[in-house]
Each structure stands twice: as C-alpha cells, then as structure tokens.
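Some structures to go through are shown next.
Next, two complexes with subunit A in common: one pairs it with subunit B, the other with subunit C.
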Partner chain A sequence: MLALVARRLMTAVPTLLAIILASFFLMRLAPGGPFDGERPLPPETQAALQTAYGLDKPLWEQAWIYVSRLVQGDFGPSLVYRDFTVSELVAQGLPISLTLGGLAIILALLIGISAGLFAAVRAGKAADKTIMMIATVATALPTFVTGPALALFFGLWLGLLPVSGTGEGWSWLIMPVVALALPVSGAIAKLTRAGLATVLKQDHIRTARARGLPETKILFKHGLRPALVPVASYLGPAAAGLLTGAVVVETVFGLPGLGRYFVQGALNRDYPLVLGVVTLYAALIILFNLFADLIYGWLDPRMREG
Partner chain B sequence: MKALFKRDHWPLWVVLSVMALALILPAVLPWTYDQIDWDAVRAPAFSGSHIFGTDEIGRDRLARLAAGTQVTLMVAIAAALVSLVVGIAWGATAGWVGGKVDEAMMRFVDALYALPFMFIVILLMVIFGRSILLVFVGIGLVEWLTMARVVRGQVMALKQRPFILAAEAAGSPPLTIILKHILPNIAGVALAYLMLTVPQVVMVESFLSFLGLGVQEPLTSLGILVKEGADDMDMTPLGLLLPGGLLVLLLVCLTIEGERLRDIYS
Partner chain C sequence: MSVYEIRNMAIQIDGKRLVEGVDITVEAGKCTAIIGTSGSGKSLSCLTPFGLTPGEAQGSIILDGIDLIHADAHQMQDARSRLTGFVFQQPLTALTPHLTIGAQLQEAAAQVGPPRLSRHELAQKLERVGLSRADERLDQFPHRLSGGERQRVMIAAAIAHEPKLLIADEPTSALDASLRGEIMALLDELRLEKGLAMLLVSHDLASVEGHADHLIVMDQGRVVECGSTANLITNPQEEYTKRLIAATARLDEPAPQLQAVGDILLEIEAVTVTFPRPGWRRGKIKAVTDISLYVREGEALAIVGGSGSGKSTLGKAIAGIGPLTSGTISWQGQSLPERRARTISMRALIQPVFQDPVASLDPQWKVRDIVAEPVKNLQSEILRKDRDAMVLKALEDVELGEDYLDRMPASLSGGQAQRVAIARAIIASPKLLVLDEATSALDPLVGSSILQLLRKLQQAKKLSIIFITHDIASARRLCHRIVVLDEGAVVETGDMDLVIRNPQAVTTQKLIAAS
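Right after this comes the complex of A and B.
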C-alpha cells in the first residue's frame, strides 16, 4: 500500500511538471497579451509593465523563474486583479471549490449506489427500467442548464434558497451541489446496476444462497463490494468532470471559487492566474486518481499489487 | 436501413425532426435571428408574429432557437466527424501494426485520457482566439480517444480472421486490406460511437459558449441562448426554459440512441 502511494507520487511530480511547462509555453505562444486594452498603451508604459512582470526575459528563463517560485508556494502576481497575488486568489477559491466538489461526489455516490442497488434487485421489472431511464436522462443533464433552472424554481419562484453568493449558513450550498451531483449520480447508478447484474450471477453468490444466507447479507456483504469496482474506476474521470462542472456552477451561482478565477483569467489572458489554476487542477486530479486507486485496491484485493 | 424505422429508434427521429425544423423555420419565419423588433421587447409567447415571444432586446425567440440549434448541431456533427477520422486512423494503425508501435500509440491515448480535456480546450481557446472553426477542431481533437480505443480493439480482433489472412497471403498491400476489408467490418461499431460522441460534443460546445469562450456574437448557439436566458430569467423565464429544454431533449435522445446502437454492435 505504502509502496504504491510512494511510486505514484514519484510519477506524479514529473507529470505535474510536464503539464505546467506545456501550459506555460502554450500560453506564451498566444497572440495578444494581458495589457491589450481598448486603448493601446504608450510603448514606454508597455515596456515598463513587461519589465515589471519579467515578461521581457527569454522564455526559458521565465519558465525557470516560474517553476522555482512555484515550489515555494508562490504562484506569482495576478496580472488582472492587480492588488492580489495568484496565491491569495487561489487560497480563497480552493476551499469553496473543494467543498462543492467533495459534497457533490458524496451525494452522487449515495444516490447513485442506492438507485443502482434498488434497480439491480428488481432486475427486469418496471422499477428497474424506470430507474435506468431516469439515470440515462440524469447523465445527459448539463450543469449549465440544471444550475439556472434550479435557481429559477427554488430561488426565484419558491424563494426557498439563495440564488447567488455564499451568504449565511449552509443553504447556499444545496443547489450548486445538486446541480453538480446529478449527472455523476446517473452514471454511478448505471455502473452499480451493471456491476451487480454480473456479480449476482456468479458462483459465490449461488453458494451463499444455497447456504441459506439472508438476501440482504448476500447483497451487501458478498454482492456490492465486487460490483463497485467499475464505480471506483469511474471516480477519476468523475473528479475531472466535477471540476469542470464547478467552473459553471461557480459562475452561475456567483461563488468565488477556483473555476470562476479560471474563466476570468482565460477571458483576460491573465497568464499567472490561469497557470496557477491549471496547476492546482492537475494536482487535484492526480491526487484524486491515487485515492481512487486505493479504493480500487480495497474493493478488489487482486489489484493491490498491480 | 429498414431497421431505423422501428419504434425503438424514436430518439433518432426526434433529433432528425428537430434538425429539420431548425433548417426549415428560418426560411418561413417573418423574423431573422438577429433582427430587433423595437415594438415588442420581452413580448410574451403567442403575441403577434412572435410564437415564443421575444428576448430582452426584442429578437424573435423561435428564430433564435432555430439558428442556435443549427449552429450547435453543425458544430457537433463537424467535430464528431473530425474525431471519427482521427480516431479511426490512429486506432487502425495501432491495431494493425501492433507491437511496440501499438503500445506507444495507446500509451499516448491513455495519457491524454487522464488530462482534464475541458481545460485543454479552454487553453486552446485562450491561445488561438475564439473562432467557431477552432471550437470544433479543438473539440474534435480531444474527442477521438474513445474512438481510437474501440477501433484498435476491433482491428486486432479482425486481423486474426481467415479472410484477412487470406488477403494478406494473396499479397494485398496493408492499406487496401484496411480500407477494403477492415473498415466495412468496423463501420457499425464506429457509427455507434460516433452517435455517442455527438452529445459529448454538444455538451462541450454549449459549455464553452455558455462561459463566453465558444461561438461568438452575432452567431448564436444553444449554449449562448441558455446563458442569455439565465441572465434574464427573473424577467422572462421562457428565455431559459426553451433553449435549456431543447438542449436537454437533444442530449437525452442522442445518448439513448447511441447507447442502443452500441449495445447492438458490441
């Protein structure tokens, strides 16, 4: 277990470095810069700004400076939010995005696994077909439609939940988390249902039935665990999907998370901000994949020495 | 072909009908999608010649819906075709050549799979500017991965079949074998995955347009319409519900049809 973690972290560092360098050089290839406003700046000002932000140095030197500062936790200054460093923006946005994503994946697992389990127990019956139909529809629900639609119904019409901002208490989290969790829970329900359908046909289940074990014990103790293996391997892509979904949800509900800074940075060509957020996203996804692998190993002991 | 008329394929027919309506309506409607009716700003549905009313600056909602659907579906089809060509070329080469080349090519696909592709597309948009051409080239280039995997698997299985071995023994060059004997045999599976790629692409395009990074004004797409509707939903909820509902309908139908085809062919 420890060996796996260590080995994965060893490959994570070069992967992360490659992603950072690739995005760094790609962004610098881009025509147009962060100081292109409506009115062209005088050349002296332009040059002074370039020097102040170190944009006049050779590219490889800029990359080296960037990475060496990054190692010390310094993401550099934001070019558009002039009074803030990227580290400050990111430190403020990360907790919000993590809360949204974390709660969404927990909710999606709860809904998805119970729905999939329920459908598998009633395989072939009307309940099974209905649940699978709902799951298919759920996977096709884009967050940028469900988000505003939820805000319209529960925020504007029923007045139950706040439409925008973080506000008091926890109620502001409900709609963003539900909008994020819906498509993921549909996919998890389908995977759980398919996994259980295969597992329940296997010999060890028949043996358990022959031994007269109660059906609930068969289902939860012998059936569910191997059936969740495909769900575990879906967790990595799901995390990436949740991060992209969070970009939309944060924009729709006006939450100051990482995603909003990413979009603002992309629209304004704020290189350090976009780079910083991409780096964090990549690190989060790598970490989450490692976590998913550990769950995978726990669910299926054969995978532990893989 | 006859099989497509069975009742099971209703989702395909829903999509085709929407597509046909989106193509025909602009020719019949009295308003174009960017024409402003100064006398009817935020008109309710069924008022005068505006069947679904008008938006916050007086543009006919139905006309905009038709134009947006056209753009969204055209971008989706174009991008799906790019992914089809790239995916088949990559997958067939890897599967046919095999060995180290295959391993290297598929490792590359695995590596790309692990990347959060939406962020790559956004990076590309930032770097190369926002043009509709790039939207679909960008999307098509990241959506080919599944196609490549599926095609490679199929080619590897076919390669061992007697009729392919016979063609090889008869001295047919590899390209001829791939084009004449292998491609026709993987067409069904490729079609099924093409069908599943279309909703993915629709989703990505609308996502980008929603954030303001995709299709640009004066062109419109379903993503832009959802965005405009969301911004004005406290005044005219119809502006959000119509394009949002249509988008979900298209995505659901395309997904159901794609999954059905996939189950048939694999």
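Right after this comes the complex of A and C.
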C-alpha cells in the first residue's frame, strides 16, 4: 500500500506541473490584462506596473520564474488586491471552501448510501421506485437552482436560516452544504443500489444465508462492502465536482470562499491568483483520487494487488 | 435412523412446478447422491427446503425431528445454522472476498452461538481439512488461495459448527481433475469420523460412485430410479439410467476398436510458448516448455493435463491461433510458420473446436452462415450454390438436418451448438481437428454422443484429431495415444492403454485416480 502511495505521489508532480503550465499559457492567450480598468491608465503607468510585476519579460521566462517561486511555497502577489499576496487570500478562503466541500461529501455519502441501501432491500417495490426517482431529480437539478430555492424557502419565507454570509454559529453552513451535497447524494444512491443489486445475487451471499445469519448481518457484513466499490470510484470525480460546484454555491450564498477569488481573479486577469487556485484545486483532486484508490483497496482486497 | 427425510416433495417457482414426487433419505454416517443433468432439478431439490432458492417446497421434509415445511423463521434459522452445513460448487465466489479466512471460519463456527474459538482452534480446523501453514492462512483473503485450497476452507467452514447434515452441491465439478479425488476422499473421511449424514449433488456419475451409499437419479424434475449404489450401477432398471451409465466413460470398460493409422502428418519439435508477466513485473511465464510430439494420419492424440498445465496454449499454437515463441511445427515434413505467415491452404489443414459451444458461435449469425464461413475464406473460388450444398453435407455429417440452416445459436442446445461448431470445422475438409475440452462443458449423455460422432468422422474421413482434455476416461474412447502435460512440459507419453495400465508419472496417476 505504501508503494501505491509513493508511486501516486511521484506521478502527481509532473501532472501538477503540466496543469500549471497549461493554465499559465492558456490564461495569457486570453485578451486583456490585469491593469485594464474602465478608465485606461496612462501608458507610462501601465509600463511601470508591467515592469514591476515582471510582465514585460518573455512568457517562457515568466513561467520559469513562477514555477521556481512556487517550489519555494511562494504563490506571488495578487495583481488586483494589491495589498495581499495570493497566499494570504487563499488562507482566508480555503478553510471555508474545505469545510463546505468536506461536509457536503460526508452528507452526500450518508444520504446516498442509506437511500441506496433502503432501495436495494425493497427492490422492485414502491419505496425503491420512489427513492430512485428522487435520486434522478436530485442529480439533475443544478446547484444554482436548488441554492436560491432553499434560500427563498428556509431563509426568506420561514426565516429559519441565514440567507447570506457566515454570521454566528454554524447555521449558515446548512443550506450551502445541502445544496452542494444533493446532486452527489443522488448519484451515490443510484450507484449503491446498483452495486447491492449485483452483489446480493452472488454466491457468497448464499453461503452467508446458508450459515443461518440474520438478513441485516448478511447485508452489512457480507454485502455492503463489495457493493460500494462503484461508489469509491465515483468519489474522485465527485470531489472535483464539489470543488467547482462550490464556486456557484459560494456566490449564491455570498460566502468568502476560494470560488469567489477564482471567478473574480479570472475576470480581472489576476494571473497569480487564478494560477494559485488552479494549483490548489488540482492538488486536492489528485489527493482525492488517491484516497478513492485507498478506499477501493479496503473495500475489496483483490484490488490491492495491481 | 435417518437424519433427513423428504417424502413426496414438489417445488414450484412462480407457479411453475419444476420438481415433483421426490423422496430423499439420508442416514447418519452415510452418503446419498443425487445424479442428474443440468435442469433435472437436483440442486433445487437440495437447496429449496432451506430457503436458499426462490422456489417453494411442498410435501413432508423432516430434518432431525424438525418439520421444515411448517417451520417458522426461528426454526428455519436453527435448522440452517445448527443442523446443516453447505459446500457449494464455486469456491471462487462462494467465500466473501473482503473477509479473511479466519473471520469467515469464526463466523461459521459461531453460528450456533458462543464461545468464540481461539486462533489456535481455528488453525486446527484448517489443518483438519488438509491445509498447510494454517496459522498464516487465517489472515489471508480468499483470493490468495488456489481453487482446491478454497474448497477445503469451504468444507472446514461447513463443518465448523458440527452439523448433523452436510449438503454438498457439485463440490468438485469446478475443480481441477487431479484435485477431485482428494476432495472427495476428504469428505468421506470427515463423514465417517463425525458421523455426518451427507447429501451430495453431482452431474457426473463417475465422480460419486465410489463414495455414495445410495443413489438417486433425477431427470426433468422427477426421480427416475433410486437404490443402493452398487445395485443401481450393476443392475439398472430404467432406460434413462442405463443410458447414463453407458455414457459415463470408465477406465475398466473394454478398450475400443480404433482404426489403423497412416503416416506422420504433423510433427512439432521443441515448441516453447512464453508470455510476459502481467503488470509491471519483469520476466516471462513459460506456459509451454520444449514440447515435441507427432500425429499420424487418422490418429487421435489425447493431450491431457490439469488446469494451467499448458495444454490449451499448446493446442492453440498448433492450430495457428495462438502465439509460438520458439520451436518448429511441420506438416508432412514441410514447416508451418507462425500464425500470420501461414498461407490459406496451410490454414485449411488444421481446424479448431472449443469448449463452450454456445460462446464460440456468433449469436447474430444464422447456422447456415456460421458453417459456410470457412469455405468463403479458405476456398473462395467455390460458387455460392456449391457452397450451400457443402453446408448441407457438413450438417448431415454431424447428424443435423436441413431445418437447422436458418436457426440462430441462441435457439440451439449445448449439444446441437457443438455439432454446428464441428460442422464449421470439417466443412473445408481439414486433415486435423484440434478439440479443446470439446465435451467438458456438456452433460454426460450429450458429451458421449459427441464423442461417438467424432469417432464416426474419424473413420469416414480419415481425420486426425488432437483431443485436449482433463478426462482420461473420455479420451480413451477416442484416442490411440496420450501425452500427459504438467506445468507446461510432457511428463509421460505413449500408447493409451499402456499408459493407463502402467502409469509412471505422479500426474498421470492422479489424473487416472480422478477418472
């Protein structure tokens, strides 16, 4: 298992580098620059700023400078929020985004697996069909629809939860987390149900039943783990979806997470800020995929031998 | 005194009556075997009383004083867990993949309640079923064990709680031929030691006759005949039983009269096939090492070995449908190159037939097109109407009529599909057929009729045959000579009857014991 982790971390470095370089050059292809405001700056100020931030150097050299600073942990200065470095901005936003994403994935797993389990046990009956229909709807609804709908209902009409901002206590987290978790939990419910339907027909379930075990024990001890293998392989892409999905949810609920900086940075051509967030996202997604693989091996020991 | 007694049982699934009028009695320390082809209802009869199939049983079923028909859920669970142990056919899938051997054995032992067994006691149970390094295996997952080892674990788990009745559903049919005898001997030993009543289910008469005290022959959901094993085999009353006994090849039956053979056609010398190791590992796997053999005109050669012995790889290399790393294959003194370099006339010389007849026919094609395909490719000069006549003739050769021309493979039975596959192999008039386990997937009655057909073709067309199998007794009905393989190398070769009478290699002795 250690070998797997080591091998994955080694391939992560070139992957990250490729992502950083690709985003660097793609971003520079986009027209406009960080200092194009509504009122154009005088050309000499523009030039002075360009020189100050090193933007007048050849692209390759800029890329090299960026990467070599990154290796030392320096994400560079923000070009738009002039008093902050990218590291400072990320340090503000990251905890909020991580809490949001982490809680959402836990909630999605809880709802998804229990709904899928319940549906599989009642396969073919009305409860099964209802759950699967709800799951389909949940998967299909985009967060920019569910988010405002939740805010309207629980925030404005019922006045139970804060509509915007971080506020006091934890109640502000509820709606964004639910909005983010809903589509993922729908997909997980479907995968769990399909996985269980396959596993419960297998021979080792019959062996367990022949042993006189109670049905719940058969389900949880012998059936559930192999049935969750498809869920584990979905977790990597799902984590990516949660991170990017957070951009919308953070905007809808006015939360100062990473997503806001990502979108603002891209619109303002704040090159170091966007690159910093992209690097972070990429690293997180690679990490999540590694987790998914480790979970995979725990669920089914046959996967541990590559 | 009988432990388990079934009277006049009927089983239905979704209102369809599949089994009727079945009586089964199993006594303590004795073995009752149910014999039948697939679809005869034998497994259904064994598993349904315990609620392990979707079926519903009626009649009288008494296990150690408990009436299973009228049992409530609690009594049923008690009957399953305290009184009965089960061994199933597929050791590969019958164990839970994510639980260690120790955990599964503990669960099996604990089904009658506490106390939990100590690690030492668990290891002893594994040792009792003949597993070495028992302590180490407790921490292993099932996929690390071989098929035979897994089946031993299944047996250990089935008897861990000291049941009174052991139900074994085809316990050896998924295993390698040389292992079958060992597993059956283990079951016998445990049965006598613990006074177990054993109900054995099998499709293969030969594999149970030395072990069962009582035989029940089933066909199409009904009992055809039953009685003590010795009596039933020496003096069968019913026509079906007689056919079943005649179809089962045995080594003590008189040797068949085989036709005379001609000159050497195929000769292979120092053939080696290696595969790269899977994954990132270095090195190569030698599947076949340095094998030399020959086949004469009109001669049938048996290539016999257990699974993994390299027999199929060798067959594929000869037929030109698999890789060949080094060595020469020559036909009447002329060298046959590697598969892609063979000319069309060379390809027409040798034709293969495979194990799974239904899977080896394209499900979208009609029988007419399946059989005609080799002619289109190998003898493209032949006109369409002549081709149609050839297809009819080939079907006639395999005893199928004109009405099969437009049928699809899905509508054929296993035996019919294998006949179509043979028709496809012989239509382009090959000199040599390579049959890879061509009768192993078939029921004994069907398998023996295919063997008869092959003998007929051998005589009528002076066909040479390479018959790859794990079953020496069946091979003896067709083959002049035998080559025994183990781990990719020839361990013994010679005249079929001489080898059977006086086997030298351990592998051969094991394979003979298993027949």
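Going forward, the second predicted complex is superposed on the first by the 306 of 306 C-alpha atoms of A that agree within 3 Å, B and C clash if a C-alpha of one lies under 4 Å from a C-alpha of the other, contacts with A are read in each partner's own complex, and residues count from 1 in each chain.
The working rule: contacts are C-beta pairs under 8 Å (C-beta built on N, C-alpha and C of every residue); 3 or more make two chains touch, one makes a residue touch a chain.
Here the structure is a predicted model, which is why all the values come from computation and not from measurement.
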Joint occupancy of subunit A by subunit B and subunit C, clash or fit: fit
Touched partner set for A:Leu299, first subunit B, second subunit C, both or neither: second
Which of subunit B and subunit C A:Ala120 touches, first, second, both or neither: neither
Touching partner for A:Ile96 - first (subunit B), second (subunit C), both, neither: neither
Which of subunit B and subunit C A:Gln202 touches, first, second, both or neither: second
Superposition-derived angle with apex at the Cα centre of subunit A and sides reaching subunit B and subunit C, degrees in steps of 10: 80
Subunit B versus subunit C as contact partner of A:Ala282, first or second or both or neither: first
First, second, both or neither for A:Leu152, with subunit B first and subunit C second: first
Residue contacts with subunit A in the superposition, subunit B compared against subunit C: B
Partner chain in contact with A:Ala210 - subunit B first, subunit C second, else both or neither: second
Touched partner set for A:Pro142, first subunit B, second subunit C, both or neither: first
Touching partner for A:Leu267 - first (subunit B), second (subunit C), both, neither: first
Shortest CA-CA distance in Å separating subunit B from subunit C in the superposed model: 7
Subunit C-facing residues of subunit A, complex: 202-204, 206-214, 221-222, 225-226, 299-302, 306
Subunit A residues touching subunit B - in the complex, by the definition given at the top: 19, 23, 26-27, 29-32, 136-137, 139-142, 144-145, 147-149, 151-152, 156, 236, 240, 243-244, 247-248, 251-252, 262-263, 266-267, 269, 274, 278, 281-282, 285, 289
Subunit A contact footprint on subunit B (complex, rising order): 114-119, 122-123, 125-129, 199, 203, 206-207, 210-213, 223, 226-227, 229-230, 233-234, 237, 240-241, 244, 247-248, 251-252, 254-256, 259
Residues of subunit C touching subunit A in the complex: 50-52, 77-78, 80-82, 84, 86, 88, 90, 93-99, 107-108, 111, 141, 143, 154, 157, 279-280
